[in-house]
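The same subunit A turns up in both complexes below, where it pairs with subunit B and then with subunit C.
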Partner chain A sequence: MSSDDEDFMSDTLSDDEYDNDSMGMLGETADESEYEEENDQFLEDTKFDKPQKKAYEVDFRALSANDVKSEQDKQINEVSSILGRSSEQCAILLRHFKWQKERLIEIYMDGPEQVLEESGLGQDYNISPRLEKVAGFECGICCDDEPGLDTYSMKCDHRYCASCYRQYLESKIKEEGEAARIQCPSEGCARIVDSKTIKLLVSSDAWYRYEELLNRTYVDDKQNLRWCPAPECEYAVDCPIRQNELHKVVPTVVCNCSHRFCFGCGLHDHQPCPCSLVKKWLKKCEDDSETANWISAHTKECPKCVSTIEKNGGCNHMTCRKCKHEFCWVCMGPWNEHGTSWYNCNRYEEKSGSEARDNQAKSRASLERYLHYYNRYANHDHSAKLDKDLYSKTEKKMTMLQSTSGMSWIEVQYLNQASAVLQECRQTLKWTYAFAFYLERNNNTYIFEDNQKDLEMAVEQLSELFEKPPDQLAQSKKEMMDKTAYVKSRRGILLEDTAVGLKNERWSFTVDV
Partner chain B sequence: MSGSALKRITREFAEISANPLEGVVIFPIDADMFKWNIELTGPKDSPYEGGRFRLNLTLPETYPFKPPVLSFATKIYHPNVSNDDKGSMCLGILRSDAWKPSCKIVAVLEMARGLLLEPNPEDAVENSIAMEYKNNRANFDRIAREWTRSYAK
Partner chain C sequence: MSLIAEKRLQKEFKKMLTGELPPGIKLAEANESDVMKPWSMDISLLHNNALYAGKTYRLSFKFNRQYPIEPPEVKFITATDREIPMHPHIYSNGVICLDLLSAGVGGGWSPVQSVETVCVSIQSMLEGNNINQRPEGDDQFVYGPQRRIKDINFVYDDPTV
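Up next, the complex of A and B:
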């Protein structure tokens, strides 16, 4: 093993949360040693263990369900000591005020009675709720009038049989997921059902769910919190970015479950494209899905021998099995042209004005323009999925590599990392095309397009390396590690430039952001 | 569960039969108490005047904890009724978050009839019809009358 390799390994090892690192959040710690001789510019940005926050990074923190609970409790206790009321009452007050603590305190100080009444904490709140039997009672829900029926009403005096009341509450809690704002079952009565009533009436599993939902409303009510959208994930993320800042920043956060998503809109990480453009783009793709379907078809014909070729790896360098013609999957041009002029198919050359003169040609030109960007967007999307499949094959490759080359498990981790970086970069590239679609072309956009081209080229090269058969993989370890580091740095450069541009409002878009 | 629903539905049916609503006919129920056939008469001074509209009212098994489902079987030009073969309506107390178990079918039928008199374009299912209603009332009235003449016989 070379000393370079040793460097890499020890770095990787010291970073026991490998996943976090690959998510790019803690900065490039693992692979710079490989790279430093070659690229000083990159080194400037990333050499320190605790690098400065980059323009495309935002502060955030993941919170477990317990963290959420204790944060709530903290606020409840605070308000409780200020208002001199029980924590149970303050919880209700805070929820009623959607956790706007200052506002609650202010309004409470002005007139406590009214606040208490409105929050469902009227005078005799302290009396424990209980079931009652009422002579001559008939339930307005089930029409039952059997003598001796257990009944219940809150202070509003809307009385129903206990079993109907229970069924109503349980259906609200368990089926509709409501908790903090369940109203009295009587039509037109806006009284909120308090937690004591709920506890008295519902089954223990519904009560448990109710408490869980109360926790959720806390996160829903707070602007600085958002649930991780990954299925089954119970973490929330705390981030200071507000909705009105989203035209200036794309707040990608990483949950403890390792899911990367946008704090602004909850979708998958879509840097460098701002949320509003993402929304417009997705809508457009949906509206134009028929053409889009056509274009994103996974099979194409070899431009030379016209035999059908199916894409089965993430790399865009295609070789026709039949005639061995090498071409680029994206532009269908011969690959060797890309070899010298590198990657020249990322930019859409606007058609000259003569064609655009008549209206039909204009709409065709605009469709062509859209398809140009969509094609590349969809291609990276598709490639990312293929890369993901490769990811699952990576482990197999690693095991194979271990047995054929005698490398240890740790020594083959570079494959894992290459795969993770590939997927991350495809995701970024994909969104650069939506970004580019709405970008007004001016002097600023050339840098962007160059960055895009550089990243794309590097990604294709890494992707190609990655698809090599295992026996060749072992030999290309150094190359692959270098390439991985390079690709990662290119991504950082692109994101930094776009993020700074957004912040300074350097970009002009063809639509409102 | 459906036992208690049945008791309540039977009671409501008896009440409506005893005090019929103006312009609303409830057809006798054959076997299934959970499916009602209704006919609304287009109110006077509305573009639906003179029309007879057939509606289906379906009560969920969990009635009255969940709202009834109301749909037009007769084609109607109306911002709150979907212009397809379902003719569905979804507004006001027909929404499960607004429905309360103490609400009654009578209220649903009153709402439906009220909507014939005064559509609610702010809560539309058919946005283009709602726009027409708001911005070009004369044309809206004309089409609604035409449809009433052709379909609501």
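Up next, the complex of A and C:
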């Protein structure tokens, strides 16, 4: 297994393999092929009322490349029957409007000419493109001027020889992966090369690639679709959650390849933390904003020229190297106010120094607060990384257990379940710390922290059971199964609570979500 | 497929020998028997721009087999009496940050461009500049890991220079 895959393999066993609830959910959504703009709200509301669906789960459906294609065709046919134009033209129109069907129809009804012109479908589009031989022609690309040369131009009348045109298009398609936005080869001409032209000119494999790329733009353009980010995975996931709802819901979806990811941002599952907080948190952990925090906790600034100073010895009478300002390190006030009490600052209540001290105390507290959350976050992150070979370890254990205790393969499956639940909970726990970091302190937060504590304790206990040697493992089967179920329910409770809170905007955060 | 590139460069070469190049632009070196080898072009400025007055600069053009579908690799080189011009979009190793020189998203290359038109564009790019400095991060760029010009992703954010 290459290292790239590890992250994705760690959750090979996702909900739907051992959790019947989510199986039901998958099946239930499978027949809803389309989320229309108008009835989005309606769908969502009714779904939330169904008892079997939990507040932290969202509707989703994985689509194969063929599904994407047929969905596309369905929309094209629909528009085609409304506008009375060929499906090919409608495809171009829809792409031009980024698949916003209603907008296209509305604007088209207002004035078809302009829409057609803008999307590259001139009035006489129905004339098939063809190659022409033009007397006295010299190709602007290869400078060939042989008589009888096949040439081509679109309506913009930028004419080039057919072979140059073909090379240009194929290089755009194959090298640069462009499809819906290939422009005329002429400098500064913004005319989009239409698919008829492309079909006429390029080789069959380039045409195949072109169609594939067009398929991709469909998923990129549609708000309710997203490619599964797992390497080599060709599925797209359909989920009705909009970008502007992400502060209210954390849409975790599971692709058919079993990769769990967030539909909102494409990152690995990060429930219960909303996407914007995840982004802020990752940035905070990654960039050296904490270096800055260290600086402010361990250094002071010259009260006059604000140079940063670290005191590493000597008395409290500071003389700034830069501006020669003399001040007291203890109270930050000017040194000359110290009068006779030199080298022993007792001017604590003096206002000139109190402000500087306040700033210092604040940043120190904020650093400690951050470290509290970060250490726990990192701890679970680290444990999750150690768990990444848990699957193979589990398998080994299961085989061992079968030989030592005489249990059958089916009977040892509980280990597998425990391992999967463990991994899932670590992932959740990790993000609860990022979530908690941004929470304002209030009663809701206390409830959240209690839930977090319960889950964490349960996870550690299960983890401990799991690490037992095989001979003891057999005896603790019941205990382990109970614990697994308990841990799973704790996770459900925590996620339910946070999801409902997000939906009702009950949480108050220290930053904007 | 190298045919197009060769044919095209032959034509450009002949045109340069017979026809007139725009003022300030000269062919310094090209190999007639193998036009695919790198070319050198000398350019000097027409107007009195204090920054570049009286100087001539040398550009090197490297072509790949996809030329002119793909842009040539163009950069300033040093030689006797030839130095790298000061310009906020020209690095001290001669690499030029110009949208014209890259194809793809955001690039301005079109197969209709030629050695001559690239020279004219660079000439006018110098002509319009009065800032005597290198691009930001020049040191890092020049002394950092060496990349092929093709692999550099410039962001063309400054239409004024």
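Keep in mind that, in the parts below, the second predicted complex is superposed on the first by the 373 of 513 C-alpha atoms of A that agree within 3 Å, B and C clash if a C-alpha of one lies under 4 Å from a C-alpha of the other, contacts with A are read in each partner's own complex, and residues count from 1 in each chain.
The rule we apply is simple: contacts are C-beta pairs under 8 Å (C-beta built on N, C-alpha and C of every residue); 3 or more make two chains touch, one makes a residue touch a chain.
A quick note: this is a predicted structure, and the numbers were derived from the prediction, not measured.
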{"item": "Subunit A as common anchor, with subunit B and subunit C clashing or fitting", "value": "clash"}
{"item": "Which of subunit B and subunit C A:Tyr374 touches, first, second, both or neither", "value": "neither"}
{"item": "Which of subunit B and subunit C A:Glu176 touches, first, second, both or neither", "value": "both"}
{"item": "Which of subunit B and subunit C A:Trp99 touches, first, second, both or neither", "value": "neither"}
{"item": "Touching both subunit C and subunit B, counted on subunit A across the two superposed complexes", "value": "140-144, 160, 164, 167-168, 171, 176, 178, 185-188"}
{"item": "Sites on subunit A touched by subunit B in the complex", "value": "140-144, 158, 160, 164, 167-168, 171, 176, 178, 183, 185-188"}
{"item": "Sites on subunit B touched by subunit A in the complex", "value": "1, 4, 7-8, 11, 62, 64-66, 93, 96-97, 100-103, 107"}
{"item": "Interface residues, subunit A side, partner subunit C - complex", "value": "140-144, 160, 163-164, 167-168, 171, 175-176, 178, 185-188"}
{"item": "Subunit C residues within the subunit A interface of the complex", "value": "1, 4, 7-8, 11-12, 66, 68-70, 103-105, 108, 110-113"}
